[in-house]
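The structures come next, written out as structure tokens.
Below, chain A partners chain B and then partners chain C, in two separate complexes.
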Partner chain A sequence: MLRIAKLPIAIFALFIIVFPWIARQIPAIGNYTDIMVFVGIYCLITIGLSLLMGYAGQISIGHAAFFGIGAYISGVLTAKYGMNAWACMVIGMTVAAVVAALVGAPSLKLKGHYLAMATLAFGIIVFIIFNEEIEWTGGPDGMSGIPGLSIFGFEFDSVERYYYLVWGFVLAAFVFTVNVIQSGTGRALRAIHASEPAASAMGVNVSRFKILVFVYSAVLASLAGSFYAHYLNFINPSTFDLFFSIKLLIMIALGGMHSIWGAIMGTGLITFLSYEWLRYFEEFEIIVYGVILLFVTVLLPDGLAGVPKIVKGWFRRKVSDER
Partner chain B sequence: MEKITLASQLLQYLITGLTVGSVYAMVAVGFNIIYNVTEIINFAQGEFVMLGGLIMVFLHVAMGLPLILAFPATIVLVTVIGILIDRLAIRHIRHPSVFTLIIATIAVSIIIKGMASFIWGKDPFDLPAFSGRNPINILGAVIQPQYFWVIGFLVIAAIALSIFFDRTIIGKAMSACADNADAASLVGINVKQMVLLSFALSAAIGAVAGITITPISLMEYDRGAMLAVKGFGAAVLGGLGSFPGAILGGLIIGSIESFGAGLIHSGYKDAFALIVLLIILFFKPSGLLGSTEISRIKRF
Partner chain C sequence: MSADIEENVLELQGVVVTFGGLMALSDLNFKVRRGTIKAIIGPNGAGKTTLFNVITGSFPPTEGTVRFNGRPIQHLKAHNIAALGISRTFQTVELFGNMTVIENVMLGCHTRFRTSFMASGLALPQSRRKEKQIRESALKILKFIGLADKFKDSADSLPLGEQKLLEIGRALASEPELICLDEPAAGLNETETYVASSLIKAINAKGTTVLLVEHDMKVVMNISDEILVLNYGQKIAEGLPEDVRNNHRVIDAYLGGVA
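Coming up: the complex of A and B.
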């Protein structure tokens, strides 16, 4: 997907703007605005991850850690030290960037998917730290009392206000990422995905680009974590466990690795599944996720974003059969 | 009661470490068997251990089957599951890249985990130790007899596998696939069957690890992921693809974990193995006994 048309983005933005109004009209989906806040928060992570996985061809199974770093830095610094929430967000993103560079640089220089294993181990280590450093994080019980967000006296204290705040950031990240994909950087990333030796023969600094994308995705995940902490006012480690990292993977695989639209679709679907539609399954939702992931990997390698192409090909074959 | 000296305490840590390390070594060997034939890193490797433990509990404790029957029956059942994973999932992936294979095995592992929590619930299960629970006192260290069973089965598995790979035609055929799958199929080796066999073997050794460790550390449905990561750490530490490396790596990781938990901080017990994994990935990705040459040919 070389060109990303402007029209769909405009339509999507319009949909996001009117959605809370629609949800208010229909009682059955009255709580959907609240869920959409989480969709937005997770979209921030998956937009970055889709750039990493779909365009740079690297798997991370540890992004829950960066999400958690953002959430805990925001949570601890605002709730315990009373610091400015926006400043904490920037601190969180900076820390995430530095950590990502430290973890990513050595493993991304290696061939293959060492990043998958390094991030997996890293994610679990960070999860253990959240659990063990009780003095700061509150341990497994979590920490509460994280203040909401406000700017110049304007409080983001209702679901709808927070919705517009989060989605404003999502759209900004989306447009920025789309611009990256369409720039020379995007071409370099696709070249890396297609063939690393070829890309490097063409003068692309492969490991530098991969590290950059990894850091970018970590920064977005940290930002999402800060929004999460300020929205719920409470965090505990189980939000940031290995399974969340896998869930992010499912969102992206379901939507389609090579499409940033796919990432958003997948995030929306999986979030609604876990917050609303799969509540009856309770603990066993994990089986549903596993089946979805396997189904997509085996039958829809391009995810939902690849469905139109499959349908088109199917029609074409049918038409040519009839002739 | 004699006084606990530092030396006896260290010995205690060492023996505990070697026991846990034997389990990691078996998981690491399981990783290598599949990796060598297919270049797949099977993220569901830890689930075989979990299934081994829980199926054994079902057959031995719930059904009352004697140990001598329940043990092989469990191995057979887990092996069948390993074969099913290849037949139902892995084989159907149309454009297998390292990328999609990683994701597919992750999917398989969470499906197995979900099923296990469905069948057995979330509580850990105990299994009677093979030869009682009267601890043996060696130089002040208190040792459960089960520890020797775990280490013993690692030795048996290692000997059996090395005979299999070096002395039998099938084993040699599998090694050939490891070297070059295309060339192997040119000389008439059925590569698909070898892949299937690698999943079967790897599941079997995982089951052995699960059966033997359950009397010591109990077993519950969500143990698989952590075992897989640590086993992978052991495999990478020893050099991915090398069987002696896997055993060495497992024993080292187990010991580091045991000493780390005993001497530094028990809350970070699980982190030590992972930190070792990160350090190895960063500084010597070919591992202790792995060859850089081979790791250059492989895709992963």
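Coming up: the complex of A and C.
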């Protein structure tokens, strides 16, 4: 059976728990907890997206739109109508699920990569709506006044509190996704990846599984959008443009398409590059990504997730050389 | 009619398949009696695999009806047909190479155990229980096909002979009423062929109806109850093995070429 080891998950959870404390001790990385909030938010998207790409073998170029749907539904309903933030999150996820089913079903019922085209068009349309529906969204200037999150009077009003909230959800989504991969559903997805004719001859409803995973990934992206809106208290359309959809794909390609760990690593690396390490490159940022992507595809076909295997291989060769 | 349903698992009427201008199957009619082994033979390109593709729902026939237990199925999708109780293997091995031997068979159980996305994501006890049942069921099949000791191996690491057996095992995992085997002995040596044909007999002895496409005449003549001969998409003979062996049209079209 495909077993994803529990120990690394526990170690990773521990790392997440102590990280803010470490960041507090070292002034040079004092702002890293804040960046890690964004890493967590983006991880929610890439965990679902990597299931879609790595297991269902489909590409979405429109996940920024689902991210935006969550952000705007949360933003508009809480800031303008004063609705309960958690209820709005659920509304956002429900809307994202329905929209994903409508957008995904026609193209996922066909063989081939029609989803990429459908989501590309969808992403552009949603981006236009965010810009044009000024009355609701504030148009290109964006909307402010989105409240923070709280539960039973407990306010998630500091960076660290929000950090733990977001990463709690990331870990839950991670474990949920790992469980799915290790179940009959994951087996069906891997079967689809290996041979669609054989999978369907064995009774696997190929398009149903692809739609299911696409919907799941859209729901996670919407949840991420809600967290984003309540963290920044301000959103504008440019966050949810085509470039962001592509950036998500780069995160997954960098991390390694066939591993959820890869999604997390890729997301962490790209987010730190763009928020911190490459800040001074500005527009040239995209060139750096291009170069990174080129290196990864040539040198690390399995992305960052494949590095341990390569290192093990070197080590073994070295040991046998010395004998 | 109900007596007919009892008697025949599968019935094809006027089945036509065309690919562009090519007529791969033309006006094909035949029945498969419950509990028998029926062989389909014919030269390469005769339309045997196309016939399997139509029966198992890879694509619908251009014309005609396919009845399974009396019910028309020609418009159904492959996964629905699998759920009804028809299973198959492929002429060129289509295993899930990225999975282990046991996982391949476990996937074969897909139609028998349903787990929801939610239940598996939350790792609910019911979904764990099902997973255990699936595993046990798969292990039983691996014992039956003689691959139990290789359950952990990656499917594509097996030699061809065992890959072919594993495909049969995967197809059995859905507990089908009808199993369609597309050249199960192709590429196998004599011992492997013997193992495969004994396995087919054993499957049939358990009550599963077998539809068999095979070029190895020794296998076909030994284990089939009935033979249907195709040539250029047309039925040119059908009957008991000894009758077909002596049919002059068959000898001309097919066996003659060999002898």
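One rule holds for everything that comes next: the second predicted complex is superposed on the first by the 307 of 323 C-alpha atoms of A that agree within 3 Å, B and C clash if a C-alpha of one lies under 4 Å from a C-alpha of the other, contacts with A are read in each partner's own complex, and residues count from 1 in each chain.
FYI, a contact is a pair of C-beta atoms (placed from the backbone, for glycine too) under 8 Å apart; a residue touches a chain by one contact, two chains touch by 3 or more.
Keep in mind that what you see is a predicted model, and the values were worked out from it rather than measured.
Asks: Of the partners chain B and chain C, which touch A:E132 in the superposed model: first, second, both, neither?
Replies: Once the two structures are laid over each other on A, A:E132 reaches chain B alone.
Asks: Is A:A118 contacted by the first partner chain B, the second partner chain C, both or neither?
Replies: first
Asks: Name the contact category of A:Y289: first (chain B only), second (chain C only), both, or neither.
Replies: first
Asks: Between chain C and chain B, which one touches more residues of chain A when both complexes sit on the common chain A?
Replies: B
Asks: Classify the contacts of A:M202 with the two partner chains as first (chain B alone), second (chain C alone), both, or neither.
Replies: second
Asks: Help me check something: in the complex, which residues belonging to chain A touch chain B?
Replies: 57, 59, 61, 103, 106-107, 110-114, 116-118, 120-122, 124-125, 128-129, 131-132, 242-243, 246, 249, 253, 283-284, 286-287, 289-291, 293-294, 297-298, 301
Asks: Can you list the chain A residues touching chain C in their complex?
Replies: Going by the criterion above, the answer is residues 1-2, 176-177, 179-180, 183-188, 190-191, 193-195, 197-206, 212, 216.
Asks: Mind listing the chain C positions that touch chain A in their complex?
Replies: 56-58, 77-79, 82-83, 87-88, 90, 94-100, 102-103, 106-108, 110-111, 113, 115, 117, 120-123, 127, 130-131, 134-135, 170-171, 173-174
Asks: Tell me, which parts of chain B touch chain A in their complex?
Replies: Those in contact with chain A are residues 41, 89, 92-95, 98-100, 102-104, 106-115, 117-118, 122, 225-226, 229, 232-233, 236, 265, 267-268, 270-271, 274-275, 277-278, 281-283, 285, 298-300.
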